[in-house]
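Both of the next two complexes hold chain A, though its partner changes from chain B to chain C.
Up next is the complex of A and B:
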């Protein structure tokens, strides 16, 4: 069942466009059944993983390399799978309303379902290779979704940027996984988790650690790789709600949590993760404070939340891990909801600029309530799951030593700023005097409301029935992250203690900052304008730099002159043969004078005469035809040696190459005469002699070695016996070495296509393309 | 090259060469020959026909674009390889059947199919190149 569950979203994605053509936006109701079915399927595993259990399964994929198509369900992957399929159901419904009437709505459904399948595969993968494949698939589907409005240049740029950053991270992850594979000798997560200290004690631990972080930090938008995430807000809002807050960006956090039992508890882990996470948290909230676009404000708080999660994962205390687990669940629910709210406001009022919105509460009451619930959870107030998370975070961080105090302060400041931004998104558009909006706002249809409302209620129920939810979700997940049994007990009834005081402090700070949000915004704007440079611009500069470099290299080596190519190739050929021979001293001995029949001498004579005819020909066409003389002489000689196949082929190749060369020459409209100067002729002659001489020497040397006849004997013996053919040459070509031949004919066909393309290109156009620099390097960079 | 003698002989020469190329292709497994050489012969047959009558009659005569023939060849070769899946043997393993056609036992095999694929790839690619070059020459 789980095997088919892995494929279900992809299969449904195939039919989504056709279904949408028939049912229009109502196709969402049908398509949402797929993730809903997955959600129900995964609920069935709750019992199995409740006490730290693990369900694995799979099929053999490439047995000879010990690679399996295997999955693993434990507390961590199950919670993720439930979030992906659960929120996925809501997102499919929401897309039905949000993109109603869009001409590519079917395509959108298809993309989002494919993403769902990739993300689900990522968290369920047991085998490293599957993990990597699904990891890259999420990058690719995210690229398709960010670039959904492909007619807009900004969308295209953002899509490419996200693909480049997360794709590079994916390669880093692949390298990291291979290092881990090499160190431990296992290629599956479930086996890796039982290797104990093997990875930690390895001298290559740091290499694996850095490479894995390269994957996790780019995917989870950690500073300084965060810049693609705000740009990804070019995507339609359902994408932002689903990929860029609830699921995909958490893949990096998932990976870190997954590896915590085998990589955690080391100095590197507990230093690098909190520092990068803490910096991302503060940077994200500050950058978010200067935005006025609802989606961008939320995007930066997402970045900050991811920073908080990374910081907690690396902090090293059980309380911090428990806090991370609760916060991850809470964040997926409130941030997904807030994004959908922002989308509703945008959809109904026509703008999402916070300074141009106000007083919508009367027109959109349901949206307002959903927004308020989500913001309360985000701000960490009871009775929502966000409150549980924040209490647990402070409980886990506050430990008394300097290191803990620093990160506690970081967490307080970050949480306070997120509190500000959350309430700004939830309150500013809805309260205050009514502002004239581009569209006359009214409440959206049920498709648009289902998502935020269900998520808001989910946040509430998770906290109200915390005993039940801890037993089924947070405790199994925390146990999986820690690698041993753990228990989360926190409930909404506040306990007097340090954690509660810190929470109260955070709220007080948040209210204070909320009142001076305008000042913070202008201050941040001035500061960023003062800095002037950011990784986003750095990305453009890097891409433009790469394009310029490749243009320069192309100009250097691709001169577009055939003479230059041939000269360079022949010189290199001569050197490549002669230099190693000279260094190794492996010159051939002078061969004995050959003992040939008179007709064989005659053939040699004809070949030599043909060569002289080529050299002394006045006319190029004559030279080409004379080249054939030598070829035919060799072909006849093959016949005498008893190789009819070779001989036939040589005849045909010679004939056709003379015809084609002659045709090409006439087409090039060269002058019929050779106009090279004497010096040039002599230089070219020397190069030709060097290359030809080098090949001769090489062949002579090869003939001096002992001939290993075992292959010949094999083919002689088995050609008829197992391949049913008496023509050994043909049997080798089509049977024994068939896969070589297959590759060769593919090359033949590709070159045929390339020649056709070259001939069809007008000569004038091709020359101007080579000599003119690209007009706008900026655009050239974005086209990469 | 459009002399009367050449133009009179060319159709016969071309058809004989095409026929011969098929003969060479089919006998290839046991006697000198095979798909590669057969394809070359067929390509030169069309080259002769093209030199005698121009490119358009050749294009009309073969109906399909030569690159399409090459693509068909590659596909055929790939199918010949993939057929082995159904016998649970590795890619490109030779499979043989001996049906009786009009009372004569005929050996059919995936290597033969593969060789026919080679024939079409070589034939199509070279014909395409030669025709494209001849065409431009007359512009």
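Up next is the complex of A and C:
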């Protein structure tokens, strides 16, 4: 069943465009059944993983390389799978309303279902190779979705940027997985998790660690690879809600959590992850505070949240992991919901600029309530799951040593700023005096409301029935991340303690900052304008640099001049023969003076004369006749050396060549002399002699080696006995190597057809103009 | 014998390559024709040379009795001659037609596929 579940989204994606053509936007109701069915399917595993169990399965994929198509379901992957299919169901419905009437809505459904399948495959993969394939598939589908409005240059740029950054990260991940494979000898996650300290103790641990982080940090938009995520907001809002907040960007966090049992608890892990995560958290919230666009504000808080998750995962204490698990679940629900709220506001009011929105609460009451619920969860207030997460985070971070104090302060500042941004998105557009918006705002249809409402209620119920939800979701997930049994017990009943005081402090700080949001915004804008450069501009510079470099290389290598190409080829040919010969000291010995009969010498002389005559020919006739001389000389050679068949064929071919050349050349012009300058003549001569000399040396060296006559002996032996022919050459051609001859005939036929085609194409100019040479009329001296 | 042929073959190569380095497409064509012979001589010579005894089994024998010429390179060269001839014929027609169409026999002026003033690719997205 799980095998088919992995393919279901892809199959449904195939039919989505056709279905959308028939049912229009109502196709969403039908298409949402697929992720809903997956959600129900995965619910069935809750019992199996509740006590830290693991369900694996698979089929052989490439048995010769021991690569399997295998999956693993444990607490971590199951929670992810439920989030993907559950939120996926809501997103499909939401897309039905959001892109209603869009001419490419079917294509959009198809892309988003393909993404769903890829993401689901990613979190369920057991084998490394499958993980990598699905990882890259999420990058590709993300590219398609960000570039959905492909007519806009901004969309295309964002799509390419996301693909380049996450695609390169994917390659880094592949390298990392291969290193892990080499260290441990296993290529499946389920086996890797039981290798204990093997990976940690390896001298190559750091290599694997850095390469895996390359994948995780790019995918999860950690500073300084964060810049693609805000740009990805060019995508339609359902994509932002689904890929770029709830699911895909968490793939990096998933990977880190997955590898925590075998890579965690090391100095590198517990230093690098918290530092990068902490910087990302603070940078994300500060950058977000500058924005006035609802989606961009949310995008930067997503980046900040991912930083928080990485920081917690790296922090390593049991409480921090538990906090990360709860925060991940909470974030997927409240951020997905807030994005859909932002989309609703944009869709119904016509703008998502926070300074041009206000007083929409009356017009959009349901959206407002959903936004408020999500913001309360994001702000970490009871009775929502965000509150549980924040309590657990403070509980896990707050220890006495300096290291912990620093990160506790980072978490407090980050959370306070996220509190500010969350409430800014949820309150500013809805409260205050009514502002005139581009469109007359009213409540959206049920397709647009289902998502935010269900997610808001989900956040509420998860916290209200925390005992049940911990038992089924958070505890198994935390156990899988930690690699041993763990239990999460936190509930919405506040218990006096340090964590609660820190929460209260966060809220107080948040309220304070909320009131001075405008000041923070202008301050950040001034600061960033002062810096003036960021990785986003750096990306543009890199891309422009690559294009310019490739143009320069192409212009250098491909000059469009045949002479240059041939010169380069010949120089390389000469070097390729001479240099290895020189290095290996394989020069041929100085040969003895050849012992030839006088008529053989005569023939050599004729051939040489023919060759020189071709070079120095000043008119067409001389050139053709000289070409014939060297050809016939070769034919006579074949005759003298016991090859009458060759000789016969050579005579025929040379005769034909001469005749055809003579016919064609009545219409062609051979310049009286070779228009080469003296320097050019010498240079070309040297190159030609070097290449020819190199080939001579090679041939001499080959002739020094012992001759292996086994093939010849075979043909001599069996020519008559097997093939019943006395002319051995003919027998080889038509019998032993008959297929080759067949290929030869095919070549001749093909070139014949090509010649026919060339001749029958009508010339551009009229026939009469052709017979005269168009240029250089000073060829009067030549004649045929 | 083989030594002489090796040097002669080298001269065939050098001649054909010198012709192919010309800017005049007709000379390049002549160079290709000579190149065919050069390659054939190479194959033939590496199979070692024997004077005047064709590889034919006498009527009263089952296998060749005397030392005969090596039949294998002969078979290969026979194929090669025919292929290089058809290649030559194709090139000849191609040269003829391009001369008709482009009005030049100078390879430097044949810039249809790679024009001199080819615009640089756009730097945007």
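To be clear about the criterion, the second predicted complex is superposed on the first by the 611 of 784 C-alpha atoms of A that agree within 3 Å, B and C clash if a C-alpha of one lies under 4 Å from a C-alpha of the other, contacts with A are read in each partner's own complex, and residues count from 1 in each chain.
One rule holds in what follows: a contact is a pair of C-beta atoms (placed from the backbone, for glycine too) under 8 Å apart; a residue touches a chain by one contact, two chains touch by 3 or more.
Keep in mind it's a predicted model, so treat the numbers as computed, not measured.
Enquirer: If you stack the two complexes on chain A, which partner ends up touching A:760: first (chain B), second (chain C), both, or neither?
Expert: first
Enquirer: With both complexes superposed on chain A, which partner does A:659 reach: first (chain B), second (chain C), both or neither?
Expert: first
Enquirer: Touch test for A:723: chain B only (first), chain C only (second), both, or neither?
Expert: Touch status of A:723: first partner only.
Enquirer: Of the partners chain B and chain C, which touch A:542 in the superposed model: first, second, both, neither?
Expert: neither
Enquirer: Kindly classify A:702 by the partners it touches after superposition: chain B alone (first), chain C alone (second), both, or neither?
Expert: second
Enquirer: Considering only touches as defined above, state whether A:742 meets chain B (first), chain C (second), both or neither.
Expert: first
Enquirer: After lining up the shared chain so the two structures overlap, which partner does A:568 touch, if you call chain B first and chain C second: first, second, both or neither?
Expert: neither
Enquirer: Is A:645 contacted by the first partner chain B, the second partner chain C, both or neither?
Expert: both
Enquirer: Looking at chain A, does chain C or chain B touch more of its residues?
Expert: Of chain B and chain C, more residues of chain A lie in contact with C.
Enquirer: Per the contact definition in the header, classify A:605: touching chain B only (first), chain C only (second), both, or neither.
Expert: In the superposition, A:605 touches no partner, neither chain B nor chain C.
Enquirer: Can you give me the overlap between the chain B contact set and the chain C contact set on chain A?
Expert: 644-645, 649, 653, 656, 660, 664, 667, 726-727, 729, 733, 741, 748, 751-752, 755, 759
Enquirer: Which stretch or stretches of chain A touch chain B in the complex?
Expert: Touch list, chain A to chain B: 644-645, 648-649, 652-653, 655-656, 659-660, 663-664, 666-667, 723-727, 729-731, 733-735, 738-739, 741-742, 745-746, 748-749, 751-753, 755-756, 759-760.
Enquirer: Which of the residues in chain C come into contact with chain A in the complex?
Expert: For this pair, the touching residues of chain C are 1-4, 6-15, 17-24, 26-28, 30, 33-34, 37, 40-42, 44-59, 62-64, 68-72, 74-75, 77-79, 81-83, 85-90, 92-97, 99-101, 103-105, 107-108, 110-111, 113-116, 120-121, 123-125.
Enquirer: Spell out the residues on chain A that touch chain C in their complex, using ranges where they run on.
Expert: It is residues 153, 156-157, 160, 543-544, 547-548, 551, 558-563, 566-567, 570, 591-592, 594-596, 600, 604, 607-608, 611-612, 614-615, 623, 627, 630-631, 634, 637-638, 640-646, 649-650, 653, 656-657, 660-661, 664-665, 667-671, 674-676, 684-685, 687-689, 691-693, 695-696, 699-700, 702-703, 707, 709, 711-712, 715-717, 719-721, 726-729, 732-733, 737, 740-741, 744, 747-748, 751-752, 754-755, 758-759, 761, 763-765, 770, 774-775 of chain A that touch chain C.
Enquirer: Enumerate the contact residues on chain B facing chain A in the complex.
Expert: 24, 28-37, 40-41, 43-44, 47, 67, 70-71, 73-74, 77-78, 81, 91-92, 94, 96, 107, 109, 111-112, 114-115, 117-118, 121-122, 124-126, 128-130, 132-134, 136-137
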